[in-house]
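Here come two complexes built around subunit A, the first alongside subunit B, the second alongside subunit C.
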Partner chain A sequence: MINTGANSNSTPARPRPLSPNIQIYRPQLTSVLSIANRVTGLILSFGAVGLVVWLSAAATGPQTYGVVQGVIESWAGQVVLFGCTFAFFLHLCGGIRHFVWDTVHGFELRSIYISGWTIVAASVVLTAAAWTISLFVAGGHP
Partner chain B sequence: MTRDSFRSPLARALGLGTAKSGVQHWWAERVAAVALVPLCLWFAASIIAHAGSDRAVFIGWIRTPLATSCMTLLLIALFHHSALGLQVVIEDYVHSGVRFVAIVAVRLGCYGLAVIGIFATLHIAFGG
Partner chain C sequence: MIIESSDQVSRLSWLKRFPIPRNFRVTPESRIEKGRTWPAPADAKRVKAFEIYRYDPDSGGNPRLDTFHVDVDNCGPMVLDALFWIKNKVDSTLTFRRSCREGVCGSCAMNMDGTNWLACTRFISDMDTNATIYPLANMRIIKDLVPDLTHVFAQYAAIEPWLRSETPEPEKERLQSPEERSQLDGYYECILCFCCTSGCPSHWWNGNRFLGPAVLLQAWRWLTDSRDEAKGERLDALEDPFRLYRCHTILNCTRTCPKGLNPGKAIAEIKKAIVEREK
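Entry: the complex of A and B
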């Protein structure tokens, strides 16, 4: 039961009807990207904690930095970092899409779907580009 | 005469709607977001450019005046935006008495982390 509203104190004979919520609807690009923007924001909040840990380790000394760098360079660390990269670009592109909406533009259904698929494509391309260039640059410093 | 009567009708009505003080919150989140666009792109580009480098190179990079300034600004904007964003998530899903505690904890946690990050940055930049 999500919302019992004002009837929470009484016991009705049968459950009160609820307004349709998220689990009723078939997922659409619009709703999925709205949820994705929030989820990526949450993921990036944890990523921000990682940034502070990384900076603190760099400030503390070579030994501590080595431990953190070891975690980042591990298989699991690279998967998390890759996920954070995609979350970063999706949240960035989604945020820019919100800036356009804030100027009261792009609310037509067609525009919303065009901008939606654009940010998905841009995030995939930017993530791939960031990792390709990173691996290329890292190859120069073995 | 109660204290309340000294306040104008407008002052008593402000903030009592369902949105409370939503505009300030929304606006602050957007201002931080505007700052984050160039700062995050700078950060991503710098990390990519230094991929595979060792600690000495990263330290040397953070010590540059541009990187010290941008990293400090990034940490301020990032954790301000995070605190505001996480607050909305808590307000949407936490309905019990824990809500107030959770919002305060997130606020203090975000500002604490920002200070730790800025201190680490300045320590790298100016420490021996």
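Entry: the complex of A and C
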């Protein structure tokens, strides 16, 4: 017979409290990057909708395309686009890290931390490179 | 910061908890109320404050957070010593599990400064100011720092943690080569303290169906045992969207294991074994 924690027969059974989890557990590179992979995946799914809107606008005609392009080229549009670029690279690098784990490699704690910080650094570098190329080399911005 | 082994205490002084409300997803009976503060002895010179989760099932009230002031000059070096100091000198109702006091039994697993570890192998000097002590995360609490482990032990029983064999019993022991025996290294040492399972976000959200890292590490310990003959059935039982595949390789388990084991790797081995047998 399992003790259910009820006080006695006369008082209604009070459920045992659940000890805190996410409310107190310390954020670590492990959990933070896992959440980041989820969040960037979510951002990219919205970004994909944006991409479809942009392509549809281009297919509709110059006037519609001009409106959408105007939004993208606005200050807020550029910030969102920059965020999407970073999300893309972090999610990509995180995905590669998960592929390696699926082959049962890189599980030593030291490797977990090195690969974790590596994908963060790589995402920053790749985002900076992508924007440098699009702004100054390809000359995309009007 | 690169963590080399799980016993390294994080030195980051910012972001000690996720920036979410204290009562995020907390049901009314689990809300933690403000408790009382116990002063240090008058003659104490070096004092350390410990905020400790308290729950008294007989009071009918909610859990609370009491603050104790420990005279560290008059106390042993480990967190477990501080708990004994409090129980002996301040409040004898403080309740916690302990046995071996040397990291072998796994009884005193609890959440200290936000991560799970054994109170007997964590130095007081490595604790924050104030130090915070909660029971193992995400467990139903019997009293104070004593969690109800019925569910996780039932999950353990579900993987049938014993040798399964069809062949007739040998006259003497079942032999293993040194190489076969070495396959168990890193897995047989698990003391079932459930630090990893209690620190796993996937188990927080789906603990009723996801087996969790401690139990899955044990599952691999039997899968990789050369004497066991139920590998296929064991993999069949694990091949399930929840029991095994709720593991998203977050790896809080490997970060927190007080024995330095690698539940994350064991789970990856199981996933790989399932893929390989389907080739």
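Heads up, the rule we're going with is that the second predicted complex is superposed on the first by the 119 of 142 C-alpha atoms of A that agree within 3 Å, B and C clash if a C-alpha of one lies under 4 Å from a C-alpha of the other, contacts with A are read in each partner's own complex, and residues count from 1 in each chain.
The rule is simple: a contact is a pair of C-beta atoms (placed from the backbone, for glycine too) under 8 Å apart; a residue touches a chain by one contact, two chains touch by 3 or more.
A quick note: this is a predicted structure, and the numbers were derived from the prediction, not measured.
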| item | value |
| --- | --- |
| Subunit B versus subunit C as contact partner of A:Ile24, first or second or both or neither | second |
| Which superposed partner A:Arg16 touches (first subunit B, second subunit C, both, neither) | second |
| Touching partner for A:Ala59 - first (subunit B), second (subunit C), both, neither | first |
| Which of subunit B and subunit C A:Asp102 touches, first, second, both or neither | both |
| Doubly contacted subunit A residues - partners subunit C and subunit B | 98, 102 |
| Subunit B contact footprint on subunit A (complex, rising order) | 38, 41-42, 44-45, 48-49, 51-52, 55-56, 58-59, 62, 65-66, 69, 88, 92, 95-96, 98-99, 102, 130, 133-135, 137-142 |
| Subunit A partner contacts - residues on subunit C that touch it in the complex | 1-6, 10, 15-18, 20, 22-27, 29-30, 32, 53, 55, 57-58, 60, 62-63, 111, 113-115, 132, 134-142, 147-148, 150, 198-199, 201, 204, 248-252, 254-255, 262, 264-265, 268-269, 271-272 |
| Residue ranges of subunit A touching subunit C (in the complex, touch as defined) | 2, 5, 7, 11, 14-31, 34, 98, 101-104, 107-110, 112-114, 117 |
| Residues of subunit B that touch subunit A when the two form their complex | 30, 33-34, 36-37, 40-41, 44, 47-55, 57-59, 62, 71, 75, 78-79, 82, 85-86, 89, 113, 116-117, 119-121, 123-124, 127 |
